[in-house]
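Next come two complexes, and both contain chain A; in the first it sits with chain B, in the second with chain C.
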Partner chain A sequence: MNKKLKPFFLHLFIIIAVIIATYPLIRIFSVSIRPGDRIISTDLSIIPDGASFISYIKLFKETYFLRWIFNSLLITFATSFIGVSLASTAAYAFSRYRFVGKKWGLQLLLLSQMIPAGMLILPLYLMIMKLNLINTYLGMVIAYSVSSLPFSIWILKGYYDTIPHSLEEAAMVDGANELQAFYRIILPLSTPALSITFLFNFTTAWNEYLVARVVLYNPQNYTWTLGLFELQGQFITQWGMFTAGSIIITIPVLLIFLYSSKWLVSGLTLGSVKG
Partner chain B sequence: MEYLFTTANVIFFVIAVLISVGLIELYFYLHFKLYDKKYYIIIPVLSLVFFGVVISFLNIYSTKILIYFAIWEMFFSYLCVRYVKGKNYLPYMLIAPAVIGLMMLLLYPFLFEIYLSFTDLKLTTIMQWKETGKLPFVGLKQYINVFKLPPLSETTFWQLFGRTLLWTFSNVFFHVLGGLLLALMLIEIKNLRGVYRMFLIIPWAMPQVVAVLSLRGEFHSEYGFVNIMIKKLIAAFPFLTQLGIGPVNWLSDHPLLTCTLINIWLGIPFMMVVILGGLQSISQSYYDAATIDGASYLQKLKYITLPLLKPVVLPAITLGTIWTFNNINIIYLVTGQAGGTERADILVSALYKAAFVYNRYSYSAAFAMIIFVILFLITTSYSKMIKVDN
Partner chain C sequence: MADVKFINLKKSYDETTILDNINFKIQDKEFAVIVGPSGCGKTTLLRMIAGLENITSGEILIDNTKVNELPPSKREVAMVFQDYALYPHMTVKENMSFALKMKKVNQDEIDKRVNEAANILQLSNLISRMPKQLSGGQRQRVAIGRAIVRHPKVFLFDEPLSNLDAKLREEMRIEILKLYQKLQTTMIYVTHDQIEAMTLASKVIIMNKGKIQQIGTPIEVYKKPNNLFVASFIGTPTMNFLKGIILFENQKLYLKSHDKFFFIPNFAFPLSDKYINKEVILGIRPDDIILDDSKIDVENKVEANVDVVELLGPRENVHIRLSSDKTICATSHSFNSTPNSKIIFSLNYPNIHLFDPKTQERIN
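And now, the complex of A and B:
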């Protein structure tokens, strides 16, 4: 191909791909700022005539939107905290020590990834029901907390493996015991891996929908995923409020994700390649 | 109705989470630390009392649970006294909380699911089960029912199975193809690559619920942009109608195609990023050597790029296959509302609906076991295949 034409076509194709990738998001935004009486229309312009933020105001006034975000944040932080704290110590044991059942444990962790996602929802639901925890935060946290644990353990183990043993040996020469060497030396050094694991746990729980659907039934206790689904409605879709809510949820998530995507990918492939 | 609501309750909840993780660690620490002291017997007794207080506080007090815990306590103390001496107990202490969590919330539900699949729990017997904890044993009846009775109102097991294979294969194929094409184009672009990459991963970065629900709206036959675009195209190029192209009732006529299109859009960026990473790690010197030997672009692609991408792409394909096979989210969010169609359902989404829309609990437990076996067979044979290849 001609030397000058090639870059032109490359950029052209990529730009078409970029438009396909971003258009739905732009479209959500343009629907969210449509004026109240023209929310449902076949208009394709990005900034509609008479644009207004009426849908955003309605969203906060007429729904429990802030409440939903708060619920989601609370549940998500609790589960991520539990997940990371359990995974960080377990992964350290798997990385550094030889003990009975180590090989089996790692194999079982991999095997647990093959359990279909929907399979454990039913027994967990029945368990939560029996414990009278339906419609509570605690029930949600119980259902979520170990779901990404196996994966987190693999990621963290991979990272600990790259830290040389001599660091702990040096610490122990200086008089620290094994546990101190772990939480004074290794844990601070693993901050990048820990934050990736935290982020991974966080996004999993933050975007979760199916468990929330069966555990929570009171609109005030919804997480935002349930709330948005309800806004889409059984019969009438509240397009204005739905798109406004989507934008408010998506923008921060998008920024965090774009900022951290480089590490997230390396973490994901690290876990999978090692597996 | 029970829910934690006031500020005090929220604070209590946060503190409870922190404390409970700490307590599990403390529990093992005390056992391993004090097993050789004279007063060691206090520790199991204390933890038993404490456990009793906690479960009565949580409103789930029952003597049965307490007895189980006491048996565990005895067993565990015996282990400590008998075996810990002189050994390094630290690894066990470190994995203990994770093991307990996994046993209670992963292994126990899994075993419970197996048990459930041999019983008869449905909407009519669930209250009785909740009160008495007893379930009628029915043997393999539920497993036979999975093949005899349709899991949904009319779609049979084999239809779902075929649809799942089609869904998984077409999605993974287009994810890899699209990801590969985009990555190959991106690697050629020297400036602006970072900017393009950032825009291209937006579908992956968006929360899936938002992306799927809004795209579902965009496939609406009248107000969705897909059909609006088609109408505009036809207005501009009228000959398209003769080729059979026209506005389509996406959601009602082609639900599976709609779900597939949405999922392809969502899944390409992940593959693109993985493949781009692989491409960047291939040393330029291979290409220079090939250029000197006069290799064409396609030859380089075939003999250098693709073989060297294999170790990166194969695990990603495995992951992608499992993820796609297991993807309830997209199909449920698109078709799950009241009056939604079941012509797009794959195995896992049918499982979810069988359990929570049709409330056939034991039936869906048996169904889940069958799906688990299928997925297990697919992944193990696939990973064997990769190993043979290498």
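And now, the complex of A and C:
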């Protein structure tokens, strides 16, 4: 293809993709500032006539929205930290040690990812009920961190496998024990993979609805996903508040992504060994 | 400062024996080079000293202390890895001070030792760089620096020069030798390159298939190889081997090989009787084939044709065709050989090596 045409088509493709990706967000934003709870309108302008932030104010004043956000943040952060710490150590064992059942263990983890989430609802509910953790943060954190663990372990194991063993060996000869070699050498080198795993855990827990639906029943303990659907009535849905909520809940994820992008640099291990 | 002793050391994985019956001692302040082809177990042996491999049976003593059960961190050895193994997220300085920090040495002492090592290795101006900003040779120097700041009892080098280009390798070899003379610490160096072994070692340990073949000074293993393996492994160009039958004619011993007769002086082969009319292998280094007319032993000369000549600058390798399927290599400084011409040579008889073809052991 012509050298000038190639970038043109490439850019055209990217622009179309961006439009498709951002269009719903823009529409949701315009609904959230539209007067009256109307989701459908003949007006296609992004900022409609009589636009106001009244839905945003009402959301905070008339519902537990702030509480829901707090619940979601608490559960999500706890899930992400616990998930990453468990996955980082488990993956290390899978990557570095030889033990009975290593191969099967890894395949079993992968297999568990093939079970549809809906199928897990009942067993998870029964387990959390038996543990007497229904309607608690802890119950949610356990359910979430456990279910994202297999994927996290696979991601991290794959990354550890690329780190030369000689680095830990050098650290051990240099006077570190295995644990020190792990957290002083391996963990700092794995920041790209750790960030990915953290983000994965974060977004999964942040957006989760099904498990929350069965574990939480007290509106005060709701996560934002449950809370927003609370606004959806059988006959009437408060679309203004619903869309305003939808816009607000993207902010934490957006901030987390922006913050962690600097850790997502690859090639941190460049220059350590021959190559 | 310490000696290292191996007693009946054995290493095996499942059914495969990697190292068998290793018994020897490396004296304090000795530069011991363990050399052998790939897969001979030399790196495993080094890693066992460092504590990175378990010992199947036997003992390793460092400074008369049994270290079998000690973790690497407690053995007071420093190791330079083949792939350098620099910590990529730390600067040169942090790399070099890591071990001292682990040992909780105070910061002033750390700075002092790091600066000292950086000076010795000419790294002072690179101290705040990251490993990825360094060239291969510089990385190698940092790896060595990381070892010397620790003032360990024993230095372990695992093929440290194998990733460098030929010129740099030569330079670093001299650097390491200088370092050894300066530090006067026990060093154990693993390599597959026999030139490194010959140039660096005060003691060479030659290994093959998990067993020690010979231990000695470089000159001993060169002049008097114990067996065929050592004879063929040490020295470039490699030793020539001639398989033939020992004959006793006219009160003289000969080796008949490829229809040619090679004289064997009595002093070179006192055990002659047992081997008369038997097959042996004669080994002769290219340097011990005499081509110079004035030095040839006229009585015992051999005639053959020149096959090819390799010019190497200060000398040339003359390949002499003994028969359709056998050539031997001789080094010459006279530069008067041309391919396919006739050539007369004799062997430097005191320097011939004789081996038993069955046991492969030296018999003279």
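As a convention for this text, the second predicted complex is superposed on the first by the 223 of 275 C-alpha atoms of A that agree within 3 Å, B and C clash if a C-alpha of one lies under 4 Å from a C-alpha of the other, contacts with A are read in each partner's own complex, and residues count from 1 in each chain.
Criterion: contacts are C-beta pairs under 8 Å (C-beta built on N, C-alpha and C of every residue); 3 or more make two chains touch, one makes a residue touch a chain.
Only a predicted model underlies this, so the values are computations on that prediction, with no experimental measurement involved.
*Asks:* Tell me the contact category for A:127 with respect to chain B and chain C: first, second, both or neither.
*Replies:* The first partner, chain B, only.
*Asks:* Look at A:252 in the shared chain and tell me whether it touches chain B only, chain C only, both, or neither; answer first, second, both or neither.
*Replies:* Neither partner.
*Asks:* Contacts for A:175 in the overlay, against chain B (first) and chain C (second): which applies, first, second, both or neither?
*Replies:* second
*Asks:* After superposition on the shared chain, which partner residues are touched by A:228: those of chain B (first), chain C (second), both, or neither?
*Replies:* The answer is first: A:228 touches chain B but not chain C.
*Asks:* Contacts for A:167 in the overlay, against chain B (first) and chain C (second): which applies, first, second, both or neither?
*Replies:* second
*Asks:* In the superposed arrangement, does chain B or chain C reach more residues of chain A?
*Replies:* B
*Asks:* In the superposed view, which residues of chain A touch chain B and also chain C?
*Replies:* The answer is residues 268-269, 272-273 of chain A.
*Asks:* If you look only at chain B, which of its residues touch chain A in the complex?
*Replies:* 1-5, 10, 13-14, 16-18, 21, 25, 58-60, 88, 90-92, 94-95, 97-99, 101-102, 105-106, 108-110, 112-113, 116, 130, 182, 185-186, 188-189, 192, 196, 198-211, 213-218, 222-223, 225, 228, 265, 269, 273-274, 277, 311-312, 315-316, 318-319, 322, 325-329, 332-333, 337-338, 347-349, 351-352, 355-356, 361, 364-365, 368, 371-372, 375-376, 379
*Asks:* Can you list the residues on chain A that touch chain B in the complex?
*Replies:* Within the complex, chain A touches chain B at residues 7, 10-11, 13-14, 17-18, 20-25, 27-28, 40-42, 44, 74, 78, 81-82, 85-87, 89-90, 92-94, 96-97, 99, 102, 105, 112-127, 129-133, 135-138, 141-143, 145-146, 149-150, 153, 178-179, 182, 206-207, 209-210, 213-214, 218, 220-221, 225, 228-229, 232, 234, 237, 239, 242-243, 246, 249-250, 253-254, 257-258, 261, 265-266, 268-269, 272-273, 275.
*Asks:* Using the touch definition up top, name the residues of chain A that touch chain C in the complex.
*Replies:* Within the complex, chain A touches chain C at residues 164, 166-167, 169-177, 180, 185, 188-189, 268-274.
*Asks:* Can you list the chain C residues touching chain A in their complex?
*Replies:* Residues 50-52, 71-73, 75, 77-79, 81-89, 98-99, 102-103, 130-134, 136, 139, 146, 150, 163.
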